[in-house]
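Two complexes, one shared chain (subunit A), two partners (subunit B, subunit C).
Let's turn to the complex of A and B:
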């Protein structure tokens, strides 16, 4: 029990350090990029006094380390600051946008995990048949298509030509289908191959042979005995894939006019809206770190033999 | 999970709410307006939304004359010495919250633009105001420090009349989240990242809007908006690129309407003329002018959608200087000038263009090829907008591909940046010519129009002798909209623009 406690303390400390590290790097990259928020907000023709007012209000005239300390101490107190571009609290902007992004990411993950696992199993048990080749082919296919282009193609075919879905925006469930597929299909490809490999390995184990020998139904053997064991490594795969899902959603949100964090992030970078960019990057970093933490936790739940070591 | 389902439910209810019947017109923007505040706005998209919510002090006719139709002013007078403008405000105007609009609100609006604490980027347009005198509830006198023929132009453009009582009661932050004006449409809601909704204001003092609801939807990716207009989900694309206009015209002529109009705008290449730069030498600037072929550039990015520029003021305006030096292509002359200037083998330089404007980058590349013919190796630097603003204003860009949209109807801002005292002078690479300074000063105080237009022409002639910049073209703007949408003819001109009067659009 004490060992377990130590493990979690260590993990949480590491998570915190990672989050702070990410916030520092994000902050530096952002502030070292040329471009003055005051000039972008007010345009090139405002008076110096007006520019100075903005610089002063957002403390842009202070040295970068001082700005960082101001910012991070605000974050610790739960104050993410005010958006320069929107003149609204950053927390409010994020609250408005986080829902759509979570829905999109969640749906994309449902698509990718269910399809990936299913096709992976299918390819494993039908090894070296046309079905297996098809599974491989489709995985390579989705991985090769840039999501930006795939999104436009989906909109063109299913939105413009067939009129099955609205073209961009968030107008009901049908709006969600193709953004989720654009992200999901690519990630499905990412999951299907390892799933097949894991499944093959497990199917060759002695206990599977034993189960078969006992006369259990093959489908029962696959689902009850093989799948559970093959899924364990997949949990890490999924957790490791999460940052990519988020990254992919930025492009997809723009193509589909999906009003989530991704499109807010892009606009805010272009407008040098430092407080917003910093907050979103920090949030994403925390999400990724938490996902990894969650994977570790799930690991030990699914397979109690796995030892928790810092 | 339950939260997720709930959100999906909310999303699907939004469809029902959006029901795009014929009483709604949908306009697409690629950028979302940041703040709906007349004092602080800077982007075109915000001005498009605000122009439906607020009423101007004065309106313009299709010919570019001032009119009081659809304007807050009933009539106005200018004193003989040109220093006092008296505005008589209409007495039947109501704000969207029911408050009457009076001269107090007009005065308040001017003061807001001038208030240093509000930090308006439009502040400098109003600094010529000496005093604002409230004569009575419906009469306002504006006293100027000195004669300024451009005063009405600037006073009108940013003259969004704002409600004093409301702003004082709720504060500016609240005001920009729920703006209240006296225009034909009132603000309903702004769904972040999605849309802004307006609905008809039934107590509007002018003719009520034909179409009941206006929705501005945001499509960060223009290709998506183009598909949406073809599918009928969008009825009008705001800020369409010339390239997309041409391609839509080829592919969708049967399902869409197309219209064009000239803009009060010119495109040019600006030189950094600071001492020590190669472009400080007039001969080098002239050589570049002789080497650049504007016809080729227009053919590349806007075939049939632009007129070659001579000087700065567009061709349709009386102040256009048709006889200013045009520098038609002459490579021998260009090379000779470079030899004279001490660059027989040319030199290396850079031309900057903002990367979010694809056509400007393409044009910069074309210019690069053209300059190579006279030995100038210009590296094209396409940089993102925020960085571009920084680099050009700081004098780090030897050449940059600019676009200038002037406030109508007075073309003063085309020539004003040449004045050595103008705050725009350093932004556009600095320039000093005593004669140009004198002419620009004269323009400001010459009330007679014919004389003033001649001064504009003279200023452009002198400055173009100096090859102060490379005029490229005056653009024609193309708009694409639904087949059954009717936009009145008198809006298709540089002074009105279709998007500025959505309340006059109709479904046919």
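Let's turn to the complex of A and C:
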């Protein structure tokens, strides 16, 4: 028990250290990029006095380490600063935008995990049949198409030509379908191959033969014994894939005019709106770190060999 | 005396990238109901494949060329996968595998895996299933059954896992159990404990066991009859007594004497010159003739049939 406690203490400490590192990177990456936010906000004809006012207000004159200390101490207190572009608290902007992003990423994950796992199982139990080849083909197909182009293609066919869905924006469920598919299909392709390989490996194990020898139906053997065992390594696969889901959603939000964090992020980068970009980068990075922690926790739930150790 | 299992002229091959492997080449085997029947031979001689054929768990690249596997008068080779699953596996024929470390599902506890088997045969309450499971585990001499039920396979020793396997496979009260080298992966001291479980079962039930092994000494403890396999054929079947006292086939003779004479395990390994032939291009005629002292030119041309030379004693050799 003590050993297990120590493991989790270490694991959580590591998560915190990662979070601090991530905040540093999120901060530096922006400040080391050329471009002066004050100039961008004010435009080319601003007076020097106005320029100095803006620089002072957002503490842009301070040395970078001092700026970081100001920022991070604010973050710890829950103050993410004020947007230079919108002149509103960053926390407020994020609060308005986080919902749509979570809905989009959640839908994309549901699409990718359910389809990926399903096609992986199907390809494994029907291996070397046309069905298996089809699963490979579609995976390579989705992986070969850049998401922004696929998004535009969907919009053109289903929005512009067939008029089944709105052309961008967030108007009800129909406008969610294609953004979610654009991200989800690509990740589905990413999950289906390893799922097939895991299933094939598990189906060759003695405990599968033993389960059949008991007289269980093949479908029962596959769904209960093989799937549960094959899913264990998939948890890591899925957690490791999350950054791509986030990255994909940033691009796709812009293509589909989805009013989430992704489009806010892109616009803020273009405007050198430091506080907003820093906050969103930090938030997404923490999301990834937490997902990895979650994967470790989930592991111990699904795999008794980990659960009971120590 | 009735035969529960009769295998006639079973020929089976595997299509591989290297060519067709003639794994079984006319296997004849009869197993008496309620008896423990040993099936012995070197690695790769087709013992396990014979067992897998009976329970219908052959790999998909296996091809049955001819023959019959009659189980209680029903030719198992004619069954569909569905019929096998519904009528035979677990219910009539069960199987215990060589490696207890890998034959239990690592992510379910013992209770789950045992009840899963028990409830296939009858619809009842969970309390009743659990009661049956406890009785089964007691039958195989497992201690601390109440705590055992909540344990996962990795928390048990190899010997315990193998006994759980037996108990699980007996859960549906099958008529026949195929034990495929169940003690090979166990320590010698644990082997004895495991064999005692089988001996107890023999006394208290009418279970038929096909005991597959490469260790003749194990068979003397538990079996009535022994069939000796060599390179995909049964070369001799006899009572355990006759195998030791009147081994007839030259291969059986060497097998028995390798054990009786041996001072150490090393001697056993050196006893029979040559190795089991590769079955992609097996020797013609009697497959043992290249390693046989008594071989004559006829042996490389004619496949010797299994013929009776005494009561319950048959041998496949042209020189007998």
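General remarks:
Keep this in mind: the second predicted complex is superposed on the first by the 306 of 310 C-alpha atoms of A that agree within 3 Å, B and C clash if a C-alpha of one lies under 4 Å from a C-alpha of the other, contacts with A are read in each partner's own complex, and residues count from 1 in each chain.
Please note the rule applied: a contact is a pair of C-beta atoms (placed from the backbone, for glycine too) under 8 Å apart; a residue touches a chain by one contact, two chains touch by 3 or more.
What you see is a predicted model; the values in this text were computed from it and never measured.
With subunit A as the common reference for superposition, the partners subunit B and subunit C occupy compatible, non-clashing space.
Legend: residue contacts after superposition of the two complexes on their common chain; A:211 is shown touching subunit C, with no touch to subunit B. For the combined model, the angle formed at the CA centre of subunit A by lines to the CA centres of subunit B and subunit C equals 160 degrees after rounding to the nearest 10. Of the two partner chains, subunit B is the only one touched by A:53; subunit C is not.
Touch counts on subunit A: comparing subunit C and subunit B, the chain ahead is B. In the superposition on chain A, no contact is made by A:144 with either subunit B or subunit C.
Shared-chain residue A:219: touches no atom of subunit B or subunit C.
Fitting both structures onto chain A leaves subunit B and subunit C with a minimum C-alpha separation of 28 Å. On subunit A, the positions that touch subunit B within their shared complex are 33-37, 39-47, 49-50, 53-54, 85-88, 93, 96-97, 99-100, 102-103, 106, 152, 155-156, 159-160, 163, 166-173, 175-176, 254-257, 259-260, 263-264, 266-267, 270-272. For subunit B in complex with subunit A, the touching residues are 4, 7-8, 11-12, 14-15, 18, 31-32, 34-35, 40, 42, 116-117, 119-121, 123-124, 173, 176-177, 191-195, 217-221, 223-225, 227-228, 230-231, 233, 356, 384-387, 389-393, 423-424, 427. Those residues of subunit A lying in contact with subunit C across their complex are 205-207, 209-218, 225, 228-229, 232, 302-305, 308. Taken in their complex, subunit C has these residues touching subunit A: 55, 57, 81, 85-86, 88-91, 94-95, 97, 99, 102-109, 116-117, 120, 152, 154-155, 165, 168-169, 171-172.
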